[in-house]
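My structure is below; once you've seen it, I'll send some questions.
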Amino acid sequence: MIELILGKYNYWVYITLMMIGFYAMIEKENLIKKIIGMNIFQTAVFLFYISIAKVKGGTAPILWEKEGIPYDNPIPHVLILTAIVVSVSTTAVALALIIRIFKEYGTIEEDKILIMSEVSGKQDSTENSKFLSSTSLLQKGE
Amino acid sequence: MIDLMLLLFLVVCAIAAVSMKDLLSTTIILGVYSLIMTVVWTRLNAVDVAFTEASVGAGITTVLIIAALSRTKREEEGQEYGMWSKLLNPQDLKLTDKQSPLLWLTSLFIVLITGAVLIYGTIDMPDFGDPDAPANIHLAKRFIEESYEETGVPNFVTAILASYRGYDTLGETTVIFTAGISLILLLRRKSYICDTTIKEKEMKEHIVIRTISRILIPFVQLYALYVIAHGELSPGGGFQGGVIFGSSIILYVIAFGLEEGRKVRIFREMGDLLNSTGVLIYAGIGVLCLLAGGAYLEYDKLPLGSEKMASSLGIYGIEIGVGITVAAVMITIFFITARHER
Amino acid sequence: MTLTESLPILVIIIPLISAIIIPLIGRIDKSIAFAFVISANFLSFIISISLLNTVMETGRISYWLGGWEPPWGIEYVVDYLSGFVLVIVSFIAFIISVYAKKSVEMEVEGEKILPFYSIYMLLVTGFMGMIITGDIFNLYVFIEISALAGYALIAIGKKRAALIASYNYLVLGTIGATFILLGIGYLYMATGTLNMADLRERLPMLYDSKVVLTAFAFITVGLSLKLALFPFHIWLPNVYNHAPSVVSALMAATSAKVIAYVLVRIMFSVFTMKFDLEVVPVTKILLFLSVIAIIAGSVLAIAQTNIKRMLAYSSIGQIGYIVLGIAISNQLSMTGSLIHLLNHALMKGTLFLVVGAVVYKTGMEDISSLKGMGKKMPFTMAAFTIGALSMIGVPLTVGFVSKWYLALGALKAGMWFLVFIILVSSLLNAVYFWRVIEGIYFHQKPKVRSQKSTTKDSIESLKPEIQNQDDAPVGMLIPTLILAGLCIVFGIAAFIPVSVVTPIVNMLLEV
């Protein structure tokens, strides 16, 4: 049992981090908090990948003269380089959405937005959802 | 031992980041979390990844979140009731649907189930650092043994990134491009009055910052070019270099301000143009390889001297493309998000 | 390499490069940009057809990116399955791009049209890349390209609720994508490879490894999230409802199909039948979920007053059909499932394009706003009727063909109750579509909830407007009618898609 824990502690830590991030993503009501959770969630997965790549006694995967020393596995590094970029791009788009949401609703708390959209949803149906008239509203927001 | 400590720090930071109410502090803690992650990855010898995480995770993400905070709200509201009061005496609280203990328990349940499945998965995993794990013997072995011969690039990570899996990297650059265009689509307005970040008057007093920036910026840019050009030999490459170059321009704007809308327009136009140009260079090199009779992104076939030479030049070309797009998108994002409106 | 050998990469690169170039050439003239979009989509449609044709003649095509032999490099694979789905997606993308011009001009602000088209092409690129790739990590990259493009396109909808819809989709989509990434990592850890064909060879001896089981679980859950399979469907109605009409149409017609395709790829190409049936109870779980999705989607659709929302809930039910066939996993049901990829794309495409035309003409998207439209927009409404009849599953339409094969498959598997489920759901479909069709043809004028203003003036001022024929512009009408026409053509000449699908099913089930 102890061997199991010691042999894989990196994996256990990544699972913990992932659960923390995941919890924040689905439970927090503040939209920015969700994004922070998302970042923790994703980096946790990156940590998992990087942990796979480690070889006992290995060196960084850059060619050098010394013989006999193993290199760490470069493939997960490559994959994660790509994934990090994807993650930051997602974050940027999410934050842009949040800025727009704040402009339209005046809040970034999910529960308040839900209440607001329920109210305006009712208005929509009574207005026969003639949303073209809401263009004026949109322009005001801009 | 130090690794265990670092990992423990990570967990502490993650919990702190998630549970604090002040979003600015949360963001800073997230930055610290990223920095510790950088150290962990460096200790795991993932130098390229650590470099990227330092510039992206700790750098850009933090700046972006702060920019978003400056245009929204700093405090997290709601959730007046902590998890324990929700669980112990839900009948006393006035809860909205979203706050009901049932829903909260469901989320907790989902998270725990996910964790349980993951832990179940670890049982059959090869031990950490096992050199005979399947991941380390199949593809990796051949890359380590032959990639230098085949591509002429001593940094295995760059060799795989730019050559064997160069197409993934094109996809990655496309993702950045998509993000840049998406932000233009979501946030850009036709005309705007610009008073970027700091007012001119205040800055006059910051002669120190200006002088230092003036001295620093050329070096930062030089370093960025070095990182791009030297990606084949050492950690770094187009992505990291592009980020550094982009930050140098952002530094310039923060230090000197942008007095006139004209300059903004120039930057904006340039950003738009370069944004596309970078990806176009990358995708274009692929098309050139097609025209030269090879497969897409098969640099060897480019008519540039020997195969090794062509491969090397091809990799330089795409790294420059990546760098241009990344820098341009960063500048675009900065101009779009950091603008105060009235 | 000759041009024909390069086709598998060109089918992706053409939309990609056009997405990059549109913001540049659009500065010169916007109409050039639009022509560019259409021709790029048309080219990749033609290439898809020729690829499918080549596959039919010579078998599986493998394209080595960068000239690296798989599994060292990334491989593009065109076989019957990916060729078939490529044709569907590129065709729908082409038809919708022809349709888009007027609709986009109305629903998207002027200066945003160029970035809009650029992202439209990126979305198409993402879908095509997901279909054709033979590398599991490359799959992830393209999933993310299409996802990011999707978020932006949804958020540009005119109502502010579009932003919330997009944000929620982003959060759930990222959870899904990260689960997929994690699953890929687990697969890599267990096998050391990322190439799908290589994985298929290496996995069977690892089927009892808990790492592989976890990988499979995470990839399946991640894909179900993106597929909007019950109970992960919550994001979908808001997205289809609030996105611009063109985007709703494109996403409704292709997005779920592509993800369903990826699910089939993972279940039957990376893993094998044996794994799905004997090692994990995945088919049983999917069967259960899809049955709930079919019933719940139809029931919820009845309750809607907004037409886009109604179609969205109906999509949830239709996704259920696709998954149902995969879950039964015998030859007939798989045929039904795969044909439904095409058929549902045609019918939902038609319906959403009609709704887009109605929004263009009237600015309204309530079901009641369609009342009396039979006279005003006869051709558009005829297309709607065909689409609706297809959805109900009336014989001689494509909907009937899919349901027929699914029912046969269920019978063959001895699952009688599934036939009952399909019948009930068709009845429910009939209920909510009949309500709309009745309104279109048998109500004279839209009662604009005019209890207060029942004065003669208002009624008379409405009358002439309704009675004059005022159909959608030709640019919108023709694509709609083409899709509607195909709903009938492939309903009658069902042997054409069946003959394409049969070898796919044989390949997947290893018959």
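In order of appearance the chains are A, B and C, and numbering begins at 1 in each one.
In the analysis below, a contact is a pair of C-beta atoms (placed from the backbone, for glycine too) under 8 Å apart; a residue touches a chain by one contact, two chains touch by 3 or more.
Computed from a predicted structure; not experimentally measured.
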Pairwise touch network: line, ring, star, complete, or other: complete
Chain pair whose interface holds the most contacting C-beta pairs: A-B
Centre distance in Å when chain A and chain B are each reduced to the mean of their C-alpha atoms: 12
Averaged-CA centre spacing for the pair chain C and chain A, given as whole angstrom: 26
Intercentroid distance (Cα basis), chain C paired with chain B, Å: 31
For chain C, residues that touch 2 or more chains besides their own: 137, 141, 144, 148, 151-152, 155, 188-189, 194
Numbers and ranges of chain B residues touching at least 2 other chains: 118, 123, 125, 133, 135-136, 139-140, 143, 165, 168, 171-172, 175, 178-179, 182, 186
Multi-partner residues of chain A (at least 2 other chains): 22, 26, 52, 75-76, 79, 82, 86, 89-90, 93, 97-98, 100
Of all residues in chain A, those that touch chain C in their complex: 22, 25-26, 31, 34, 38, 41-42, 45, 48-49, 52, 75-76, 79, 82-83, 86, 89-90, 93-94, 97-98, 100-101, 104-105, 113, 117, 120-121, 125-126, 128-132, 134-135, 137-138, 141
Chain C partner contacts - residues on chain B that touch it in the complex: 117-118, 120-121, 123-126, 133-140, 142-143, 163-168, 171-172, 174-175, 177-179, 181-182, 184-186, 188, 190, 272-273, 275-276, 279-280, 283-284, 286-287, 290, 293-301
Residues of chain C touching chain A in the complex: 137, 140-141, 144, 147-148, 151-152, 155, 158-161, 163-164, 166-167, 170-171, 174-175, 178, 181-182, 185, 188-189, 194, 305-306, 363-366, 368-369, 448-449
Residue ranges of chain B in contact with chain A within the complex: 4, 7, 10-11, 14-15, 17-18, 23, 26-27, 30, 33-34, 37, 40-41, 44-49, 52-53, 56-57, 60-61, 64-65, 67-69, 71-73, 76-79, 96, 98-99, 104, 107-108, 110-112, 114-115, 118-119, 122-123, 125, 127-131, 133, 135-136, 139-140, 143-144, 148, 154-157, 159-161, 165, 168-169, 171-172, 175-176, 178-179, 182-183, 186-187, 189, 233-235, 239, 333, 336-337
Chain C to chain B touching residues, read off their complex: 1, 6, 9, 13, 16-17, 20-21, 23-24, 63-68, 71-74, 111-112, 115-116, 118-119, 122, 125, 129, 137-138, 141-142, 144-145, 148-149, 151-152, 155-156, 186, 188-194, 209-211, 213-215, 217-218
